[in-house]
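In what comes next, subunit A is part of two complexes: it sits with subunit B in the first one and with subunit C in the second one.
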Partner chain A sequence: MELLSGWWDDFFWGSVVVAQVFLASLVLMVIFGLIGAAAKLSGNRIVQKIANGYTVVFRGTPEILVILLLYFGSAITLTWISRLFNPDIKFVDVPPFWAGTVAIALIVGSYATETFRGAFLGVRPGSIEAAKALGMSGLQVFFYIRIPEMWRLALPPFGNHMLSLIKDTALISIIGLNETLFVAKQAIGTTGKPFTMYIVVGLIYLGFSTVITLTVMALERYGNHTVRAR
Partner chain B sequence: MISPQPLIRMQNVGKHFGTFQALKGINLDVIKGERIVVCGPSGSGKSTMIRCINRLEKHDEGRILIGDTELTDQIKDLNAVRREIGMVFQSFNLFPHMTILNNLMLAQKLVRKTPKAKARDIAMRYLERVKIPEQADKYPVQLSGGQQQRVAIARALCMKPEVMLFDEPTSALDPEMINEVLEVMVDLAREGMTMICVTHEMGFARSVADRVIFMDAGEIVEEADPETFFKTPQHERTKLFLSQILSH
Partner chain C sequence: MSFDLSLIVETVPKMLAGVGLTFQLLGLSAFLGLILAIVLLLMRISGKWYLDWPAQLYIYVFRGTPILVQIFIIYYGFPQLEFIRESVLWPIFRDPFGCAVVALSLNTGAYVSEILRGGVLGVDRGVLEAGEALGLSTTQRFIYLTTPIATRLALPAYGNDIISLLKSTALASTITLMDMTGIARTIVAQTYAPYEIFISLAIIYMILTFFLQKFIGLIEAYLGRYTKRES
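This part shows the complex of A and B:
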């Protein structure tokens, strides 16, 4: 334990960064997933093709590569744009936090696209028809009937997406975000104890994923109490 | 004698699913208080016909009028028409994530804008009429099929509809539960509700129907009062169908 003395607060702040990236990417992931699902379900061929392209690209390329491409790609693009206005600018830096957050949200969002699409199609058409037959408007049917049913269907795979997100946050250390893995690498540099430091990181991530798993289990119990009760 | 203005008027209605013609040349007037039973072999267009009445299916030929309102793509407020037409489905279609009481209250609150307390009173009154008030706080999955279908009927009645459509309401039920649902339907018929029932329950047709309609291949083949329909059917297809369903 004394090995870690002097590094406790670095690991703590690293964990805070992990939590921040997780929460921000969770929100973005849901948005990307809903847009993707809506696009795939839309009647428009071109919109469907774009959404298909999105899921093919982001599900089919290594996650670390997406992070690197997005980080350097956006920096290069922003630099180029800025130079149009001020030729003296040498390089525009993109914050690794946002580049990394958007990257993992896009990756996991591509999986969530399929989850949300499946949940939408999984709602029994009978409930929807019954609601329409009672004179409920399209929006009322959506919010009172479809969303509550979708939520129940989407929850188990959605729990997996959240676990993917939390694990992907470790990848962002490669572009210099000072999260736990980044802290561990620095600590190894001074203490020369890689095993100990990586174990600490592992325990931190296990802690996060346990909280997520328990939360999803509780939500599933709540979501299913109406259909399981006998 | 001037016949009263029909509640539902179908004029030469046709409907296609792709190249398949599900309905052709349907003419049907339903006046207030009339009880109509529709029967026919599966795939004959019975369900499609009544689903066109509340526009769960869109007809593509002819005209359908509900009161004075014609069902077209330009219709301003389809939901205003739908809330006057109650519908009961073969598979009950209760909202699985809501209690029985909330199933009955939801559309009252959202569509009729009934205050919550009053919606609850109405819901409980209809649950008593279908004889299951004690199930109010349960979820649909906790009820038997017969109970679920009675809830579905109560849910439709809570909207105080002008007409009730029944789409094979007993076909998905175990035999011992059919009667509890039919009893509710007979009561409703005796009270003067306008009803169109797609069903093969010929006992029900005999005891309450004003008219029995026989459909085959998307057409109305024969229509008559139950007495005539069962005793002296005119068409060969009707005779064949009746011999098949009445022989056992």
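This part shows the complex of A and C:
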């Protein structure tokens, strides 16, 4: 424990970075997932093909490869673009925070696409018909029937997507994001205690996963509060 | 900005030289992970708390932490501990390949045991009752009824986990192993051509994923040959 004194605040700020990446990528992941699901459900063949390409590519490629490609690739592309306007620019640095956040959101978003699509199709047609028979408008059906039923169906897999996101944040340390794994590397450089430091990182992630799991359980209970146990 | 095709032609064979290492990591970890998963599954369904609880804790810890952290704890962390340096297992933990296989197996074992448990829980109670009525013992019911049905039920999810495992093998490149990703990272560091190299490698991984999926589909069709509905 005394070994860790002096490093607590670094690990704390590393955890804050993890939380920031998680929240930012969560928002993006939902957006990518919803766009992907809408595209797959649309009647347009070309749009469907693009969405299928998206899910095949990001589910079949190692996460670390996507992160590296986005980080180094975007740096090269942005450098090239900015040189068009100002030839004196040598190199444009892309912040690892955003390259990593977008990368993991794209990866997990490809899984979320299937979740959202499945939840949309899983809404029982009978519920929709009943609501229409009761004279609800299209918007009312959407917000009072479709969304709550989709929510119930999508929540368990969505919880797993959130766990994937939090665990994928660790990979962003590879491109130099100063999150907990990165802090541990610095701490090891000074203390020479890799086991202790990486165990701390493991415990921090376990804490994050536990909080997410408990939150999802609470949300599931809330989402099902109108469904009577059979 | 240019897209150098000749560079791709030149580097793809170099990266493919690492496919053997990728397959070794995948095959060994999948095999060892499956054994571990079966042990964990038996512990969980044993009905004895002193077997069930440790298995649950194990699964919770290994599913709740990133695989990269697990790899680092084993490869960089274990040498700090004296009893590991003095144990007979030290040759394994001294070697990055051994560490990668151990970490990947421990990790996938936790996930697969939950997949198998899902399969076991999915077996129709009626089948087991019928077995009991026919005078089969608990062990016989597990071997002749639960195992084949649960295998069939768990196979699609197991296939997805094998694909996740393939993707996780790429992380071995973070502990100096020269698998396909390791080679690609070295080439990018030399040529600074991330698009050409990483996109070609992504396509190689997608082809591997595709064939793995086909292969698992064939096993699924084989195991499901009696349950196919005639239409």
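Criterion: the second predicted complex is superposed on the first by the 225 of 230 C-alpha atoms of A that agree within 3 Å, B and C clash if a C-alpha of one lies under 4 Å from a C-alpha of the other, contacts with A are read in each partner's own complex, and residues count from 1 in each chain.
Here is the rule we use: a residue touches a chain if its C-beta (ideal position, glycine included) is under 8 Å from a C-beta of that chain, and two chains touch if they have at least 3 such contacts.
If you're wondering where the values come from, they're calculated on a predicted model, not measured in any experiment.
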(request) Check whether A:G126 is in contact with subunit B, with subunit C, with both or with neither, and answer first, second, both or neither. (result) first
(request) Applying the touch criterion given at the start, work out whether A:T61 contacts subunit B, subunit C, both or neither, answering first, second, both or neither. (result) second
(message) Quick check on the superposed pair: does A:T77 touch subunit B, subunit C, both, or neither? Answer first, second, both or neither.
(response) second
(request) Please name the chain, subunit B or subunit C, that touches the greater number of residues in subunit A. (result) C
(request) Have a look at where A:N52 lands relative to subunit B and subunit C in the superposition and call it first, second, both or neither. (result) neither
(message) Contact-wise, after the overlay, does A:L171 reach subunit B, subunit C, both or neither (first, second, both, neither)?
(response) second
(message) For the complex, give me every residue of subunit A touching subunit C.
(response) 56-57, 59-66, 68-69, 72-73, 76-77, 80, 163, 167-171, 173-174, 181, 184, 188, 192-199, 201-202, 205-206, 209-210, 213
(message) Help me check something: in the complex, which residues belonging to subunit A touch subunit B?
(response) 124, 126-127, 129-137, 140, 144-145, 148-149, 152, 226-230
(request) State the interface residues of subunit C toward subunit A in the complex, per the touch definition above. (result) 1, 61, 63-70, 72-73, 76-81, 163, 166-171, 173-174, 181, 184-185, 188, 192, 194-195, 198-199, 201-202, 205-206, 209-210
(message) Touching residues of subunit B toward subunit A in the complex: what are they?
(response) 54, 56, 79-80, 82-83, 85-87, 89, 91-98, 106-107, 110-111, 138-139, 141-142, 152, 155-156, 159
